[in-house]
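There are structures below to look over.
Below, chain A partners chain B and then partners chain C, in two separate complexes.
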Partner chain A sequence: MKMGSYIYRKSFYHAFDSRAKLLFSLLFSIALIVSASVYHALAMAAIMVLISFLSLGMRETLMNFKRILLLIIFIILFSPLSMRTGRPLVTLHSFTLITYEGAFYSLMVLLKFIGISFIFSLLLETERMEDLIRALRYFKVPYGVSITISMTLSLIPALIYRYSEIREAMALRGIKGRKRAMMAPLSSLIVSAVKMIPDSASMLEERGFTSKEVPSYKKLDMNAFIFTQIAISVIIPVIFIIWR
Partner chain B sequence: MFSIRNLALNYEGEDSLFSSLSLDIERGKPTLIISEPGEGKTSLAKLLTGVADKFYAASYSGTFSYDGLDLFSLSVPIRKSYVARSIQNTDDAILFPTVSDEVAFPLEQRSLDPSELKSTLSSILGKYGLSQYCDADTSELSGGEKRRLNLAVLEAINPKLYIYDEAFDELSSKWRKRLLSYVSEKAYVIVLGSHYLKEYDGFFSSSYELKGGRLIPYEKPSISFSFPKAKPDALSHSIELSNITFRQEHKAMERGGLFTLKAPSMVIRSGEVSLLTGDNGSGKSTLSRLISGLREEDEGTMRYDGRRIGAKERRRVVSYLFQNPFSMLYLPTVRDELMSVASSSEEAIRVASLFSLSLDSYTQELSYGKAKLLESAIYYILNRPFAIFDEMDSAISYADTMRILSLYLEKGAGVLMISHDERIISSFRGVHYQMKDGLLS
Partner chain C sequence: MQNAKSPAIRMSIVAVTTALVAVFTIAIRIPTPLGGYVSLCDVAVTFVSYTFGPITGLIAGGLGTAIADLVGGFGQWAPVSFVVHGLEALIIALIVRINPDSLFYRIVSALVAVVIVAGGYFLLTGAFLVGFGAALPEVPANIVQSAVGVLLGLPLSLSVNKAYRKIDELKW
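Our next item is the complex of A and B:
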């Protein structure tokens, strides 16, 4: 099964054109990646969290944080240890555990990670998958590639859903403690993901898919208002790239 | 006329499913093929559409033709104009996150002009009662709605030969009748099923049973069954629902995004069978999830033997046998699944034999019906006071359904049976609950 992450709301970010949003997401990510100062990265990450709050509300924004919480913890715990040279910040006896440079590097990684996660979560939560495919096709991405991207993006929530099904199955069987190890659901998830490949491929072909361009039943219009949105979606990230 | 001659099929490293299968499908003469789970119905459908050998490591011999045209020589996307199938496991069939996109995709592949495409899309969605869900996330549909979506996709492909693989299962009685009228409009039809439904009476021109790799004429059975009796000494536990309310949001939908379930009163007693019926999407599975503790009610109370019981504890006293059995299975083999709950390997072997399962089979390779049997076997071992059979009768025979029910009742379990089957409903004598638009009565 394929799943979308779209959440229906009537926010300004939902109303933003799919092409403008796609461009904004890509350019804003580049601006975050090339960011060199903490204030710069903090401002950008804060903007994305704010947009999430304004367009999806507090509950979904917290859910987005929850989904990446484990990785945030990993970054906080292990990233400072990767840069050992520089001015000592935390020492244990005479051994330097964390340096100022390591802490700065970790903070940058963390802000960039949060910012980029929110950019793409917001893209998928405020735009329907079919409109993203149309936006990609508008930018002349080949039909076959657009479909592949769409399939891949829907695979992630589908696997998350499968994981929740496995957890439910385990809960219903009363399996807990050591038996509730990660290995069973993990191996099942891998099998599910592998099984989805022939299933999806056969479904596509049985419906006539040949990667040849076919007309879409919904066309994306272009007018002055949408052009302005696209211009804004380019100008804002470019300002951040220049400011970095 | 479609003609199948001397068809043989086997999957890599396995015995052949069938070795010399021949069949003619004539215009206006719908064909029914019935078989027990695992006999090869779905494999036959996959072979005819061309995906068994291309994507599932099957090898075959024989011919399949339409008015002399060799269909096996055509690629899958070309062949779909001649033959296409509905999919038994609807979860596997869904490709896109929204209902309208799922149905529009095959229409786009037919290169219809946009205005024709839009009107065809709208007509198909209306025909299958999906117009209100056009912007809904496909994963949020009920089992019956997913089935209708899958049938709408088949309609959008518009082949000459329609293969309906267990397409009547999970549909409410109203939709079964409607589907039968749609099927009657098709030129060439094969219906694959695991049991003979009451609705089939007088409809098919030819009926076969697929057994041991051969197609043999199928004689309409005289089906009469009575619900098994429970042991009188087992009537000792009860689950009671009072004034339950539960709200669920369809996240992606603009219209009618909030579903509200209300269950003013319900009692399930151990050792008894209760029946729950209702249209697709009326809330039967949602209610089952509440009773089994997978969801927590917003308002109201549930009591177990008079004592208030929370969701966590409900999971320990209620077995919920999912509509789609694969949702419950997550371990590599049947042996692993049974051993995850059995106290000894002897118990696993005994129960596997009781439920006609092979311990070394891979779970993901089981047929849908066999997966249902495995799901039943797991909960049989767990021996809970209550069980919910969510459309147990789909994909397995009546005999198997009643046998499983007997096995559970013999252990003293109280069973809430969800079904759309008219035979089961009409022969049921007991407490009958109905669900309509989220309201239990």
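Our next item is the complex of A and C:
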């Protein structure tokens, strides 16, 4: 079971501050969504693919394409058919199959989708989850939300391990039959997880948890270099939003 | 005896149920032609909504599926999953809360859940990700996933409530 998508490299995008990267990803996605021209969307998608190539290499960039390949094929096949009005591009006898407007719309959808997919893939492949949580906390995401996310992330591997243990135990006992084989481990997993709740609540209280903010042992610094990175992360998408 | 109103226990309930939803989403996945996947997330979402109510359901359903998308390499779907499954959990819990023992309300909640999941994914992925033409083939897979989810989620919540009676102390 693969948990997380972080890929270790020494690239400029890896070295970019997590807060700057988070802002850049969010604003660049907005710029792509509001994009109104093919050249604009093409430029943005090309930038993301180029960043992926420079920071992760050809193999991982192709893997990112492979992950969305079927959806790309579906967009090419189905999107042009969804827009029926406009100048005919492909006709079958007297029936208009694809219009110029439909082809243009599909190209826009395709470029936007590739761009957004690469933004998210790059963010998660070049940044560790704990650094992203720290970045969220820096941007004043409520303490309760960030601690819930970190508790959840630490519980997921434990629950997956518990689930495999339950399945193995049931297999050793010879519990068979499709319905029972599926439902029994799931209900055991839920009971096992629910039993963790009082213990984790006690643990939180013993560590001084209240609904108020508590100081973190590891905080993100701010200096002129990081400020410049954050400024760049805002300026580039804003230029694209104005240009659109 | 736990105090279900304590912030620590509420936080733990939300964290554990969110992790459960994420595990149900990650552990069993069947790829779909669109590059997405069909999972058992709706089983967990239904269980959490029936058992812990609308607020826990909303957070656990939305956050759990979004985290599963993020850690599973389907990051672009995370905002859509957050909205759709969060809303699904909230509506299921609110409908069942009208009369928790009524089979009629459970069936209504199941039907509404199917409409929310299939319609929500179609509208949001169509509008923001892939266009409505390409979002359409995903609809049958989402209908099957949510229908199987609510059908399994109902007996699962009943069997868990039967197997672990102390769960009532944790409801809020």
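Note that the second predicted complex is superposed on the first by the 168 of 244 C-alpha atoms of A that agree within 3 Å, B and C clash if a C-alpha of one lies under 4 Å from a C-alpha of the other, contacts with A are read in each partner's own complex, and residues count from 1 in each chain.
Heads up, the rule we're going with is that a contact is a pair of C-beta atoms (placed from the backbone, for glycine too) under 8 Å apart; a residue touches a chain by one contact, two chains touch by 3 or more.
Keep in mind that this is a model prediction, so the values were computed, not measured.
Student: Look at A:I149 in the shared chain and tell me whether it touches chain B only, chain C only, both, or neither; answer first, second, both or neither.
Tutor: Second partner only.
Student: Of chain B and chain C, which one contacts the greater number of residues in chain A?
Tutor: If we count touched residues of chain A for both partners, the winner is C.
Student: Which partner does A:Y8 reach: the first (chain B), the second (chain C), both, or neither?
Tutor: first
Student: After lining up the shared chain so the two structures overlap, which partner does A:A46 touch, if you call chain B first and chain C second: first, second, both or neither?
Tutor: neither
Student: Once chain A of both complexes is superposed, is A:K195 in touch with chain B (first), chain C (second), both, or neither?
Tutor: Both chain B and chain C are touched by A:K195.
Student: Under the stated touch criterion, which partner chain does A:E205 make contact with: chain B (first), chain C (second), both, or neither?
Tutor: So A:E205 meets both chain B and chain C here.
Student: Kindly classify A:G174 by the partners it touches after superposition: chain B alone (first), chain C alone (second), both, or neither?
Tutor: A:G174 sits against chain B, while chain C stays out of touch.
Student: Just checking: does A:Y161 make contact with chain B only, chain C only, both, or neither of them? Give me first, second, both or neither.
Tutor: first
Student: I'd like to know which partner A:I116 touches here: chain B for first, chain C for second, both or neither.
Tutor: After superposition on chain A, A:I116 lies in contact with chain C alone.
Student: So in the superposed three-chain picture, is A:R128 touching just chain B, just chain C, both, or none of them (first/second/both/neither)?
Tutor: Only chain B is touched by A:R128; chain C is not.
Student: Intersection of chain A residues contacting chain B with those contacting chain C?
Tutor: 1-4, 129, 151, 187, 191, 195, 198, 200-202, 204-205, 209-210
Student: Touching chain C in the complex: which residues of chain A?
Tutor: Residue positions touching the partner: 1-5, 33, 67-71, 74-75, 77-83, 105-106, 109, 112-113, 116-117, 119-121, 123-124, 129, 144, 147-149, 151-153, 155-156, 159-160, 163, 182-183, 186-187, 189-191, 193-198, 200-202, 204-205, 209-211.
Student: Could you list, by residue number, the parts of chain A that touch chain B in their complex?
Tutor: Against chain B, chain A makes touches at 1-4, 6-8, 128-130, 150-151, 154, 158, 161, 165-166, 168-175, 179, 184-185, 187-188, 191-192, 195, 198-210, 214-217, 219.
Student: Taking the complex as given, what residues does chain C use to touch chain A?
Tutor: By the definition above, chain C touches chain A via 2, 6-9, 11-20, 22-24, 26-27, 33-36, 40, 43, 47, 59, 63-64, 67, 70-73, 75-76, 78, 128-134, 136-137, 152, 155-156, 159-160, 163-164, 167, 170.
Student: Which residues of chain B touch chain A in their complex?
Tutor: Of all residues in chain B, those touching chain A are 46, 49-51, 54-56, 75-77, 80-81, 84-85, 87, 91-98, 100-101, 104-111, 113-114, 117-118, 121, 135, 137-139, 153, 157, 251-254, 257, 292-294, 315-316, 319-320, 327-332, 340-341, 364, 378, 382.
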